[in-house]
Amino acid sequence: MSKPLVLPALTQFVAATAGRNMTKTAYFAVSAGVVLMVLLTVNPSEEAGHLWIKSLLWACLAFFVFEWVVRLRHALLAQRGPAYALSGRGLVDGVGAVAIPIALMFGVSPGTAWLLGVLWLLKVIPGIPGLRQLRRVLVQESGPLLSVLVIFLMVLFLASVATYYFEHDVQPATFGSIPAALWWAVATLTTTGYGDVVPITLFGRLIAAFVMICGLGVFGLWTGILATGFAAETRRDNFLKTWESVSKVPFFAALGPSAIADVTHMLRTMDLPARTMIIRKDQTGDCMYFIAAGEVEVDLPGKKVKLGEGAFFGEMALLGNNLRSANITTTQMSQLLVLDLVDFRLLMARHPDLAETIDAEARRREQENQ
Amino acid sequence: MSKPLVLPALTQFVAATAGRNMTKTAYFAVSAGVVLMVLLTVNPSEEAGHLWIKSLLWACLAFFVFEWVVRLRHALLAQRGPAYALSGRGLVDGVGAVAIPIALMFGVSPGTAWLLGVLWLLKVIPGIPGLRQLRRVLVQESGPLLSVLVIFLMVLFLASVATYYFEHDVQPATFGSIPAALWWAVATLTTTGYGDVVPITLFGRLIAAFVMICGLGVFGLWTGILATGFAAETRRDNFLKTWESVSKVPFFAALGPSAIADVTHMLRTMDLPARTMIIRKDQTGDCMYFIAAGEVEVDLPGKKVKLGEGAFFGEMALLGNNLRSANITTTQMSQLLVLDLVDFRLLMARHPDLAETIDAEARRREQENQ
Amino acid sequence: MSKPLVLPALTQFVAATAGRNMTKTAYFAVSAGVVLMVLLTVNPSEEAGHLWIKSLLWACLAFFVFEWVVRLRHALLAQRGPAYALSGRGLVDGVGAVAIPIALMFGVSPGTAWLLGVLWLLKVIPGIPGLRQLRRVLVQESGPLLSVLVIFLMVLFLASVATYYFEHDVQPATFGSIPAALWWAVATLTTTGYGDVVPITLFGRLIAAFVMICGLGVFGLWTGILATGFAAETRRDNFLKTWESVSKVPFFAALGPSAIADVTHMLRTMDLPARTMIIRKDQTGDCMYFIAAGEVEVDLPGKKVKLGEGAFFGEMALLGNNLRSANITTTQMSQLLVLDLVDFRLLMARHPDLAETIDAEARRREQENQ
Amino acid sequence: MSKPLVLPALTQFVAATAGRNMTKTAYFAVSAGVVLMVLLTVNPSEEAGHLWIKSLLWACLAFFVFEWVVRLRHALLAQRGPAYALSGRGLVDGVGAVAIPIALMFGVSPGTAWLLGVLWLLKVIPGIPGLRQLRRVLVQESGPLLSVLVIFLMVLFLASVATYYFEHDVQPATFGSIPAALWWAVATLTTTGYGDVVPITLFGRLIAAFVMICGLGVFGLWTGILATGFAAETRRDNFLKTWESVSKVPFFAALGPSAIADVTHMLRTMDLPARTMIIRKDQTGDCMYFIAAGEVEVDLPGKKVKLGEGAFFGEMALLGNNLRSANITTTQMSQLLVLDLVDFRLLMARHPDLAETIDAEARRREQENQ
């Protein structure tokens, strides 16, 4: 009789998580599931511990099946059932829920079927921070990366045929065919070097030396390409994130758009939870802060001052006094813009009006505090 | 009797392919040939499958011989026969055609002769994208790369003589001569580390540790050089490709040459086939597009608008509304210039007249759509 | 009776070292302690040499206990005892002092207890130059570095489950469980390749090849991220260090703040001990120097000229004469600002007034010397 | 009686080579000597070939002794004998000359004594191109490189003590002492991975996995540092080399010093021997050339035009016609300044007067050629 009451509550609970990346429960379930799956292979005999592991695995599976069913139902009610089911996330949820039951149904041995639990790991992918950034770098640089891959494959083939020719009479067991030589070549070109297949003739070894040096070259090219792409992407990301925040600070709003672009290049965004100490008294300071969102509390002797959105602090340490004069803590979740000492000096040199505003405020505060 | 009819047709077919990088047929033939050659070494006994493989290999060879002969004839008719025959491509075609027959003629065993089929892979080289760019980097940086190579060789020689001195009494089998010690040194300096030859004396191991750390250093230098060269080359390539397109867009033509150079640094060229969706409704947008060549179709509610060469679109998402307001698709093969959100803001700040033109157009469109 | 006299002297000696990074004595004690600890494991039999090693190790331990006790007492007297005891350095000192005695007390065998001597190495950490810079890079780039680490772990898990599936029937001894397969995967993904666990089935080897190539990719991403972060950090560090010194040189003080920022980007700080030769006669010169602090002596024929704070020298070699005309040596610990030939030319082009000042001074000196 | 006549001639011959990096004879002698030394270890039995090798080695040694003696005599006559003898080069020459005779004299076996021939390789060092540049990078970045090295050593020690603790009971043969564990750690941290010493306990393997990942990190830091340093050094080198040449071209001399600095950043120096074809007719051109020194010949239809120092050519391909219109060849050893298409456009935009001069000259030439 209580089913009609339980179901809406559960629907609500999981539906609320459908939009977010991952709940803590889901992270825990994935970790537990994968660890249990690993343990199952360590101790595959039918002992007491083994039964415990199995029961917990079934519980994990039940959770994932439940999660998928509720999400699917939620999507169907919102009339985008197929959209969810066929999206990347929907497929991962679905495969995680049905792969093991289907495998068991088709008579796959339990030991093998439970290995499919590793697919639960795929649920973590959307939660990886910075993944979008990495994908952009790989997409942007896909052209040269593919060129290097083609060169890699070519060296691989030419070297394994040549080594096969020189070695297969001397070592018929290890260099018996070109696929075997390819196995050797890939371990050598990536400088992994297992040592299970090693050339012993003079020419085989000369080719091997050449392949190893090529390996360093391929590696260097790959790294060079990725480093170049990553540097460009990092610059772009920081700019975009900061531009949003700068436009919220009235202090900068008076500047023209060209100066704002200038300022944006210099600032760095920082998101802080509540009750985090930003500045500790008597430490040396090398940056000042603007508050894009939230609030901070300055712990002056005898009183506590609160600074809200658009205010700035920490400028005194940059204007001569090297030591911070008070503890400053966030009172709520806040977003700060950090201005480094280096950029502070450049900014002051280029925009003397900003320098005056900061100077005046600093002088006002100092008088107030005495 | 049909020969006079067949020959011109064939000549025409292959001649048409002579100028292009590679036909799909040729790519297929190369792949098939190399895979068959690999399979031949896996199963070298005279079974049914083996005969099939051999026949297909002969077919591949026939195709390459035919291709070479027709190309050669075509070149001779155009009175540049020797030029083709001695060009890089002509030599690759020629070697691919005659190497195996000649080897078989001179009594080389078939198993060995067919290994020469790996040379067919060289036909793929001109088709590798970005190869020219890689070659430019290697040429430009050849000086420092060679210095590092000489240092590499020096460390190699000094280390192998020293290790030979300490090890050859203890391990006469593996460190019996300096070439054997060189083999160990190259596997160590490239951090491959097969483990087939390993020093066991104290001094031998100290030298080995030094060589490994040198290996990291050599590697780091090599990568640093290539990364530096690659970054410069990427900048140069993008600039050249974009400059061509920018000059075709009337919107930018009004700017002076200095501003065009500025704009060129910000745009990225993108070539798209027909019927590709560029903008999807309700997605977040972070760039706008200029049409350098081709045409796109905007799928507005109730009507379809076509935009041709010189037009721009996607600017609304950058001017406040974060979501794209319509699907936009290419109607033919088009070349677009992409302006990133970051650069859009910089450009607007530096060239207020451009900003006005875009603003006016955006307002006009919005009114039209309402 | 002499204890009251000895104790203050010792307190003074060690207290004086409490503020500094490391004394030479401490460096010597750490090196000696670790070497002795290593030797103890080489020759664990109870011979004469062994006794010597043990006595010296006890001496090292006594030194560290003494150092900790005196520092603790010094901190207590200054009423910041708990602050020191719980600081990073205090904990390292404390653990180095008490870990071995406690282990011996609890019945751990001496051979094992003395291994804890390796913890003495941690005392060296605060003395590593540039460590703060490295930490800043790692903190700034922690986001993308963690993304790559998560991808690394994911490839690791997926690859080891797949390889376990294909290999554990064929090689039950080495691929008997997923932890064993993980061991293989980590050695392969880092391209270490021990070769103790190697796949032998076709699919196992295909996965291995994929993992190796992923390894190169992960490596490349990691390096690209660190290279980007390091380049930014180096620029920042040099700027800050130089800004301090530039403001001390009257020659630059006349420039406006924007020009000072400009100059700061060009100069490099250099700290030299007394009696160091900076310029050697008749060598080719490619930089000039400004004295930020200290004094140098110019060894002209027949006389010696001293230049103090704010003076510059070495400009003649940049103004036409390629060879240095005199030996120049520091007379005391000095801080110099180095201006490279490249930047000298840029600076002269941008600030003609500076060029005139340097020219006039150079002409004055030349007349004087004739 | 002919000795007084032979000696001056020989003195003259070798003295003439004393200033240069290396003569071809010396390169040949070093290569021959090292190859012979290697061969000696391959075939150490007393056969006919062996005697030949020995005689040739003695000849090489005689050459190096003779070279050293004559250079020393030449230096003594010029009254800088000790300066030469104690310089880096003098020491290398001296050691190459006397090391083997002294070793033989002190009763070292010939097989071992001749190994010292590898020291002859050191004579090649001054001839390595770009070595000075590499040394500058290493010196400039020595601070952070050393930090990373200290961290490397620390991880090495901590990891080997920990692994020794977990492994030495299980594998007393391979992990019998900490030096043995250090050997394992260095092979693991550099990702070499010989596989001769491999942990087998769970904790040993966990530490190993951590060490491998640290290895990637150390490697990444090292590469990042070197890449940063190398990029800075390359910029500096190109600037200096080009500045010299730009000042020789009258075309640029009219520009102010700030514009010259600008132009210098864009040009690249190129040294060409006589009779080298610079431009080939009908190829696509993407750069123009200025003659800093030397002379070129333009092969126009019907006549040959010579262009000397300060002239420029190749500009037509950049001003619209994509194909080169004539072959251009050097007539003598020449130094050219190359202006890339990218930079040509930027230069023309920034300095319209230069653009006019080039345009006018191009129009004049075109009229002349018609």
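Read from first to last, the chains carry the letters A, B, C and D; within each, the first residue is number 1.
The rule is short, and it goes like this: a contact is a pair of C-beta atoms (placed from the backbone, for glycine too) under 8 Å apart; a residue touches a chain by one contact, two chains touch by 3 or more.
What you see is a predicted model, and the numbers here were worked out from it, not measured in a lab.
More than half of the contact pairs of A-C, counted by residue number, reappear in one of B-C, A-D or A-B; that pair is A-B. For subunit A, the chain with the farthest CA centroid is D.
Interface residue usage between subunit A and subunit B, two copies of one sequence, is largely distinct: under half of the residue numbers at the contact are used by both copies.
Subunit A and subunit D have centres, each the mean of its CA atoms, that are 40 Å apart. Look at where the CA atoms of subunit B average out and do the same for subunit D: the two points lie 28 Å apart. Among the residues of subunit D, those in touch with two or more other chains are 179, 191-195, 219, 223, 225, 227-228, 231. By the touch criterion given at the top, residues 34, 37-38, 41-42, 112, 115, 118, 121, 124-125, 128-131, 133-134, 152, 179, 183, 186-187, 190-196, 218-219, 222-223, 225-231, 234, 286, 340-342, 345-346, 348-350 of subunit B touch subunit A in their complex.
Across the complex, subunit A meets subunit B through its residues 143-144, 146-148, 150-151, 154, 157-158, 161, 164-165, 168, 177-179, 182, 188, 191-195, 198, 202, 205, 208-209, 212-213, 215-217, 219-221, 223-225, 227-228, 231, 236, 239-240, 243, 256-258, 260-261. In the complex of the two chains, the subunit C residues touching subunit B come out as 191-195, 223-224, 227.
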